[in-house]
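Here chain A shows up in two complexes: once beside chain B, once beside chain C.
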Partner chain A sequence: MSNQTAMINRYKWYETLAIYAGIALFLIFILCPFVEGFLVSLKPLSRLFSSPYRFWPENGSFDAYVTMWDSVPGFARYVFNSLFISTVATAIVLVLVVPAAYAFARFEFMGRGPLLAAFLAVNMFSGAVLLIPLFRLMRSLGVLNTYASMIIPGVAFLIPTAIWLLRTYMVRIPKELEEAAYVDGAGRFYTFRRVILPLAMPGITVVAITTFIGAYAQQFIFALTFNSKTEYMPLPIGLFSYFGRQEVIWNELMAASFVGIAPAMIVIFFLQRYLVSGLTAGAVK
Partner chain B sequence: MNAKRSAVIFAWMLLLPAVLYISAIVIYPLFDTVNLSFTNASLRKTYKYVGWLNYDKIFNETFAAVIIRTFVWTFFSVLIKMIVGTFGALMLNTAVPGRALFRILTMPPWIVPMAIGIFMWGWMYNGQFGMISGMLQKWGLVDGPVAFLAYGSTAFWATIVTDVWIGVPMVTLYMLAAIQAIPQDLYEAAWTDGAGRMYRFRRITLPLLVPSLITMSMISLISTFNSFDIIWILTQGGPSGSTTTMIIDTYKTAIGSYKYGEGAARAVLICIFLSIFCFFYFRVTNRLSTETAR
Partner chain C sequence: MGQLYLNKVTKSFGDLDVIKGVTLDIQDGEFVVFVGPSGCGKSTLLRIIAGLDDATRGDIVIEGLKVNDLAPVNRGIAMVFQSYALYPHMSVFENIAFPLRVEKMPEAQIKQKVEDVAQVLQLDQRLQQKPGMLSGGQRQRVAIGRAIVREPKIFLFDEPLSNLDAALRADMRIELTKLHHDLAATMIYVTHDQVEAMTMADRIVVLNGGYIAQTGKPLELYHKPQNMFVAGFIGNPKMNFLPATCTAVSDDGVTVNCLDREVIVPVKPREDLVGQKLTLGIRPEHTFIGEGDLDFRITPTVVERLGVNTIVYSSTNEENRFSALLPGAAPVVVDEPVSIAFNTVDCHLFDENEIALERSTALTEIDIEKLAVQSA
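Coming up: the complex of A and B.
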């Protein structure tokens, strides 16, 4: 059987060539900004602002990676803020989502379908639509210009996907294990904590990673609107105020961007298998 | 019976924290938006109800242009995302060496902080020194530098291209999963009957992908309609309003000019559009799943 599949998938030389050409075209589009951004970070500023355009850096150096720490004084703080906001947001999401996903996966109750649909429907609103009341809410909670003003609204928009992913995972845990625990006289909460949680750990890990990445990638609108204190700004906003200046020092901005996205890149490289399964778990039924 | 009831109570206890959280941060603000849209709320502490005034104000030609622009922008962005994303998925599904690496390389735009990817595009669109303008001049396609973000028509397309770039990885990975879910024995049967590669693609792959294509287009439609970061960072809705979509317009009105009431009325309109999309999404996916079940 596998022999047959191998024969179906055998390509003639021109087919292989066409496939590689197609992949190259696709990946050039995807990776072009990163390649160009990286090359820019190596170019001295005088080279950068010169015509005609040159793709490859002459006299390239890593100077910008050193000088940027002085030019963007808050840089280390921005990276810390980004990581801190994402970590706390992920922790809150997990506390809320793990029990909820278990309820959706295992229990029959009236309104289960509509409630799940309602959770998923949250995904259709972006933060931008609800910004005005959220601003008023944050103001009356007295958390404007704090970490909380970025974490609290951010969490709400990470919940739907997390519930969906984890529910999908928990449905697959065999019911017999819980039934055995009940027969042995274990209570529901004990069973949840001692039987389900350990079994669901791989699923919870995937959800934690995707939630963290989501929280790290999407720090913009709440941080832009609800916080004006430099010391609490996450990386994207910190760099955005730098980006908005008249004279943008592009090589340093790109160097800072690359250092800032390094954590995300490392995560992609080592955990990409989990990421793909996490992203596509709910996709194909 | 009693055990069943206690199970239901237990389930609701598990759900309660998440339900309360969403109620406070999403449901309540949703109602508050509708409420505020009938007021003259601003930076002042007090406000009064003004009836339909905010809605009367927005129904004019400028706003009609914003709505049309939003739909055109969204339409092209979703269309191009689907074409490029599906093309990528078909390429990555081929059995050539290196495809595992190629799949990893697809992910960065989706996973890197969105704003940072957009900064890089901001540089590439730079007229004097940017890559795209520079390359086009080098190849003799344009005579002088093109400042993409400085003119209405080019800025419109530039923001679309960046939005496509951010959305493509998700479409590609989703469509790739959908392609791989197609039973392999269909291809084997067709191959045994002597069907060629293109024929198998047209008669097996494409028809079986239609449900996934529709589902992904709907998901993509909703997120594209909500797109804010890209336009805000690249053009802030300019030049002279040429990239001002409904979301950007709402943000400018509410946060830029502190007209919360008028901003809320705009947000309500966006919510109505989104609800219509969502309604179709659920109808279409429901019908698709019952059809495949049969």
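Coming up: the complex of A and C.
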């Protein structure tokens, strides 16, 4: 190994420039709203509508991050609700999907192909399309205005993607490992627990992260429709509390958004550490 | 202790018969090698013995007990996979201990056994490492260790050396032979490499297209192949085949017309042969430059000099490649015709159905039993 870049990775200066320009364009496009949002959260409300509009805040402060807790007393509860709903949904999805993905990856059974295709097809409908039937279903189940009304549909719509993701990962685990375990007398479940699960951990982590993010993002629509109780509101709905009758407290709304996202970011950050790549190195070959 | 009997075992995948009736008796302590070209069914047969695949028909009997419906672990076999199939997230110790943990053996006993095995396989310094940190040969030894630790009656090896480089393969071959000697266990070994088959086996089973082409001791296969397939498969470079016509039979052998010359090949005669088109086989290593019972001129198209030997390849007029294995300093040059000769004692003769006529002369000179004992 030398410090020189491999031939295939060498670029002319103008190629490098073009690549970075392209990356910059996309990054600016994606990150600008975040920057703007953060800057707004630093401005005093009175200054927000000053003309001419100033991008950089004058005498900016973190006051909004303090006052937001007083303006909407239930805010902490909303953040907790969001986390709670997402965490429970993720846990349920994992419990259901890990064995299912293994079965789809390994067992030959009737209807395996059509079932997988059906899962993919379900993905094409967002929950929003099915809100009315779902509402009726939730009402029949008697779970309207409970956590369950937000968790159950969330789980249902997250499972297909999760199965596809994890199945793809599990297919790549060499079959010989199971055969070797079988020859050595291990049963299916023992092999699953001692061999497959540890090897699938990176895949399971990816699924956990995507599911968690998915649950966090999609709870808005279910919460809006199936829940009207303030104490069960998740963050996206809770943010509406900053919309007053007279005015919208924009700076606190932005501050609350950032604070609300923070716990999810921390969870993802910790999960990411388990994304050990190349864990199967040395298994076969 | 590790006696195995296969009775008319067949295996079909749909309409495709992969194993077409294999009957085989393997004695306790024998080292048997299944060899054959790709797709001959050797690995499938091994998987059937292991219990990973089931036989479509026929019985697998281990120590007098029909084991068709028994799980691998209850058959008393252990298997080493071509890909090693090590558990990458476990240390070498845990990999070897895996079968014992399944059995729920007490911890102290596991430790003792694993350490004993590691000692035998020179892995004692590596027990805490993960398979990913080991070299190919060490991984192979771990896989073997996992098989040994259970003390099975029969070891099954599925092309275990095919992922190793040539030098390491030679080393592992010697280690495996020694291991077989030390454990005195029955071993069944699948390979497509005839060098492995010849060097390690007590007995070789040559498979071709789902049938057993021939079963026998390595040198038996070499000196007395029963058909053209085995004759061509065993030996490197491949045996040369020349067309011949039978003109007469006598007690001395079969008189054939080959290369425009009449010669008597000392094989067991059969009356119906006269007039038949036969095939005469001669191994490249039994040819020499000069004159012999039969000689003809070939024009070398490729000359490979290996130091100890020189291999000459040429195309004869029938498009067949003719090869000769000559001494290292043989005076052959590409495109310069040379006279290649061989003697009828070294010849093999095959009838129209590619079945060999048993050679009669060579047997007095080659004591197969004695050679086999020495090589073991």
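Everything that follows uses one rule, which is that the second predicted complex is superposed on the first by the 235 of 285 C-alpha atoms of A that agree within 3 Å, B and C clash if a C-alpha of one lies under 4 Å from a C-alpha of the other, contacts with A are read in each partner's own complex, and residues count from 1 in each chain.
The rule is short, and it goes like this: a residue touches a chain if its C-beta (ideal position, glycine included) is under 8 Å from a C-beta of that chain, and two chains touch if they have at least 3 such contacts.
Computed from a predicted structure; not experimentally measured.
Ranking chain B and chain C by residues of chain A touched puts B first.
By the touch criterion stated above, A:211 is placed in contact with neither chain B nor chain C. Contact with chain C, but none with chain B, is seen for A:195 once the two complexes are overlaid on the shared chain. Once the two complexes are laid over each other on the shared chain, residue contacts for A:153 go to chain B alone; chain C is not touched.
In the superposition on chain A, A:174 contacts chain C only, with no contact to chain B. In the superposed model, A:185 makes contact with chain C only, not with chain B.
When the two complexes are overlaid on their common chain A, residue A:129 makes contact with chain B while staying clear of chain C. After overlaying the two complexes on the shared chain, residue contacts for A:86 are found with neither chain B nor chain C. On chain A, the surface patch touched by chain B in one complex and by chain C in the other comprises residues 279-280, 283-285. Interface residues of chain C facing chain A in the complex, by the touch rule stated above, are 50-52, 71-73, 77-79, 81-89, 98-99, 101-103, 130-134, 136, 139, 146, 150, 163. By the touch criterion given at the top, residues 1, 4-5, 7-9, 11, 15-16, 19-20, 22-23, 26-27, 29-34, 36-37, 40, 48-55, 82, 95-97, 99-100, 102-104, 106-110, 115, 117-119, 121-137, 152-153, 155-156, 159, 163, 188-189, 192, 213, 216-221, 224-225, 235-237, 239-240, 243, 250, 253-254, 257, 260-261, 264-265, 267-269, 272, 275-276, 279-280, 283-285 of chain A touch chain B in their complex. Across the complex, chain C is touched by residues 174, 176-177, 179-186, 190, 194-195, 198-199, 279-285 of chain A. Touching chain A in their complex are the following residues of chain B: 6-8, 10-15, 17-19, 21-22, 24-26, 28-30, 32-33, 36, 84, 87-88, 91-92, 94-96, 102-117, 119-124, 128-131, 133-135, 137-138, 145, 165, 168-170, 173-174, 176-178, 181, 184, 187-188, 191, 197, 212, 222-223, 226, 228-229, 232-233, 247, 250-251, 254-255, 260, 263-264, 267, 270-271, 274-275, 277-278, 282, 289.
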